[in-house]
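In the two complexes below, chain A is the common chain; its partner is chain B in one and chain C in the other.
Coming up: the complex of A and B.
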């Protein structure tokens, strides 16, 4: 629908963008295939550009949505697969499977936003299920890197807080569009309490910030925003006093070199990798990314900067900015407050998560255990990020329908001579 | 491929990848910008985009003269402050008086905020039983009386219940001040000749 209405210049800009993305991944995977002389590399050199093309052109034809958003999402996902294939091919294969699942989940989210006119029953189901899901790791979970937020089911590890992200956004968007703030704010408080018990403070910070900013978007009340920010600061100070690992992370952030071969090792290695990459990088497949602990999740941005350079790192940041800009434009173009808040919440979630992790890697803020959306290794993270994009895409598709309806009404007005 | 050759090739291709990265970013922002211009042009041709009709003020607002039209979006709020989607500066209206939303094939749902009072075609609308408006329906909030005029082409499954009550701007209003009464409940002029209905 949107395709027909887009002007030729917009289409031309889109075609050249997709061509550049395809060329990038073809040359990058071909280079790695030549290094290893492995068939998997050649297969990826053919498959990834093909998937980018199909994902950008075929998917919007079948299910609607926004092409630019899809192009950027596909680029970032494929970049994650590329970096993982270079550093640890086994992770890359898992990531490709998660990408396939993510595409299916994204399609489901687009369809849900397109089809559902009332979310009331779904929300009444979602809220208790979300709380149970968040409580499960406290009973059956395992503690990894100081946080007890993982579940292991049949050899597959799942992070419930990633799934709850989606339901939190839908619940908040619905509550705020219906102006039922207080009852559902209890739901947010319950989620935050469970996350604090899991010691998953990075996700708690994300949930809280997104809820607060969505409240501001719904009401425009600066007082509540200021009060919430003050409350958040108070809670952060309390967390600092209560949790030893928070104190340790703040100390590392302030001076990672004080204990560079122990507690500050991760951050120091990340900073050294970024510095050694320089402006242009050391080259794909070169350097020593494996010396950075958790190079495949939290510190994947440092690996990108080392191999492709700071200029490319800034390009990746600019792509997140473009993605957030597009999401905000879609949210502001929505004619229903529920859809507007949903798209804005999803955009805020992705934008804040990117800021929190890249800020942590660059030593702008203390490091928290969140992943870089679309790029970091992790099935739950990739699938939930693609679901967030699916929600934004669904709203974009609804906006197109509303614009078509407005055009129809304008024509009807003209017919009756108004 | 030997590691030496690979190093030379990979080092050379760094610039290629950086250039492609820059190209992708530039093209993304160009796409964003062109799409923005394109959408702006389309919306300029649709001045009523996002609207479903308008409320015509029949009487009651001190600031607006009768006959003033207030565009009605698909969804929003009505109250006495400018921050509302439909601001009606009138003493009897609260800052945020009611929510409304358009439901396809039904009509415009009027949902008063807690403790607020609104009449739709003479019937009280509540949060539990929202009022439903169609083309020509009359909404009374505070002392303001507004008639809904829907755009042509909108489908409503709603028929205006009090067709005989649909007021003409020239007709003096029978509904004076809140709390408002339906016609049959209102005192007749014979009962109280001193109380003429006020426009």
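Coming up: the complex of A and C.
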């Protein structure tokens, strides 16, 4: 009875949270719509809160899922659309569509984890397809910002490395839970090689760290972890020695002000934006976020800090921490090694990617061009990040089923005992 | 599975540590460097705001207007051309030629970035153009003008690049700051192509070998680290100390006879301080220098100051010996040397240099008042008292005698430092000192660049310090 009452109060708190988030986005979009007096703004003021409601309230009722994860994910996605609408409405229209597609893809991922009991066939299919996908931009792609990592299909541009992220995680989780390391480590090396050829070093770094940490999680081998870390450092040093553009990146990181009109321009403009926001921000719709180069992807955190302030920026960081905490808890609650590794891998992927990009913007580490999960402009990135959350959610609902099954069995035994 | 769970927990902790590092580093850097990033002339937000907001006034400690905006929206500087020129490096100019002048560094106040939403709405409703905050500085315009004029009054300093700064040694408030050559912010025209670095604020931006003024630091180090420091004597003849080809002698080949620490300090005997540096070793001397602020990253709230450096690695005995009297690769800004003199006066406690006395919003309410803060304790009160006696000795019967003013207890140390400027040898004359009077607590540092042969810090910079002390004695200002 008390348990029931507790869950009732949790549900009520959840409802008011959803309402508060919806109100926030409704008023924010309304404000911008009044500023621009554009119908698209009013449409978004209705659509985005509706999607937040759909994602955080309706979805768990229909197919289950973790409410906290859903609240965080939807808040961050909607925040991305909001900031993009303020800076460049055209981006926001794309992003809101991607958000819708992302919700569907997330549902699909939850269902997949709930339903599939054997992933064998799927993996045998995914591995070669992934490699082909990664190789395609090298053949057909165009170079953008120094990296050849985009694919153009019809009018839509896709970043294959974002799709491959999902299959890599599933493949790694299965290989590691079944202790089939060698063959699949070759797969990882092949992926890394292709990413290097695309000159997408940030993503390569991300794949490598996640694979290494998942291996450690599965085996507990500190040796391999240390050797991998040493190998990674060695490769980084070698890259630093060999490639002029890596050297340049590091020099910019150490002192962006030395050449603030050219090489350090991005970083310096980002830091100025953050400093201009101060603790409380200049306010939504104000400031000059468009003067930051690549404000819509790499530097979107600087835009958030300028408009909403450093304290809000720290709160956004805290949301990612809560997301990672939830992901790790779900991973720890899994009764199958595969599911645990899948949830943990997805958590690591999201957490590390966030760290790499925000650390780069804040000048804690050299800047590598990866997106800020959920928030940065980019359909591939948004959908793939939501798929990762979907995988974690699928594991969560598996855990619930297992728990219910255990309880049922225990009760049945008790009855037999009586 | 159980162990796997434990490892998941470890990985989660690892992620949290990464995010913790992000949060701590991000907050730290924004809170410490934020205003420096923000007020940068490259910040496009400032440029936009400048078109929309009437910047506030800049006043001196007694309310003399140093900068204001006329009804047509043009920025105007002090009425008196002498004041205008003397303070141009501190106040800055409308185009931002001077980096980090008040005009640029205090942008967040002057251009109303600190104005609350209520103020902004109020202005909007009243139909007023938005006006920024007015900023009152701790500097005294007449004192600074007199200081700048003093350089012109002496044959040995007239026309030379120079810099001088006066601090209140009790509070750290900047009472005067001037850099020569200067220019007129109302008539920049010709200055732009002048190759004499007129836009350069030598007080905060010039990193100059401190020469013998560094003996204050060496003496403090010796008093702290060498138990026999006060008994050591050196016989100083016209011979030079030989370090395998490099020699150390005294200025003009003087001989000081048998000297102890006190007389070596007052006579500025290089051989004594070379010997002390050798006895101390690089480690102890560097430690003391760093206590005085060398190698520190100066992040003062009101002023942007270049860092001073003491060599991280000293390669030879000759270099170490030269460090003893402030040569080798030691550099310091005039402001830092003034802080060191002020630290001696203040019993070993160096104050953070402050410039803002009061910030007032357009509606007249005070946004910020003067506050003083300790920078760091650089030595014990006993050591400071002893050094004070030595510095008094240098003025009453030593190299700094020209700085003495009847009726004031002036203490100080002179210096004559060799350096090169683009391969050309160049000599700097220094004076760093203070008035040992609780009622008139001022410290000064003066540097003159490119001395004529035959002149020293004692016959150039000390003269200017003398004039400044005289002004202070006669006017007795009560600045913060």
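The criterion applied here is as follows: the second predicted complex is superposed on the first by the 408 of 418 C-alpha atoms of A that agree within 3 Å, B and C clash if a C-alpha of one lies under 4 Å from a C-alpha of the other, contacts with A are read in each partner's own complex, and residues count from 1 in each chain.
Assume a contact is a pair of C-beta atoms (placed from the backbone, for glycine too) under 8 Å apart; a residue touches a chain by one contact, two chains touch by 3 or more.
What you see is a predicted model, and the numbers here were worked out from it, not measured in a lab.
Contact with chain C, but none with chain B, is seen for A:344 once the two complexes are overlaid on the shared chain.
Of the two partner chains placed around the shared chain by superposition, neither chain B nor chain C is touched by A:135. Once chain A of one complex is fitted onto chain A of the other, the partner contacts of A:325 extend to both chain B and chain C. Touch criterion met: A:408 reaches chain B, while chain C stays clear of it. With both structures placed on the common chain, the touch criterion links A:285 to chain B but leaves chain C unconnected. Residue contacts after overlaying the shared chain place A:229 against neither chain B nor chain C. In the superposed pair of complexes, A:308 makes contact with chain B only, with no contact to chain C.
Once the two complexes are laid over each other on the shared chain, residue contacts for A:218 go to chain C alone; chain B is not touched. Using the contact criterion defined above for the overlaid structures, shared-chain residue A:274 touches chain C, although it does not reach chain B. Measured by the number of chain A residues touched, the leading partner among chain B and chain C is B. Touching of chain A by both chain B and chain C, each in its own complex, is seen for residues 220, 325, 335, 337. Residues of chain A that touch chain B in their complex: 5-7, 9-10, 13-14, 16-17, 20-21, 23-24, 27-28, 31, 34-35, 37, 68, 71-72, 75, 178-179, 220, 280-286, 308-309, 311-312, 315-316, 318-319, 322, 325-326, 329, 333, 335-337, 402-403, 406-413, 415-416, 418. Interface residues of chain C, counted against chain A in their complex, comprise 1, 3-5, 7-9, 11-12, 14-16, 18-19, 21-23, 25-27, 29-30, 33-38, 40, 42-45, 48, 113.
By the touch rule above, chain A contacts chain C in their complex via residues 213, 216-218, 220, 260-261, 268-269, 271-276, 278, 287-288, 291, 310, 313-314, 317, 320-321, 324-325, 328, 331-332, 335, 337, 340-341, 344, 347-348, 351-352, 354-355, 358-359, 362-364.
Residues 1, 6-7, 9-11, 13-18, 20-25, 27-32, 34-36, 38-39, 42, 45-46, 48-52, 73-76, 83, 99, 101, 113, 151-154 of chain B touch chain A in their complex.
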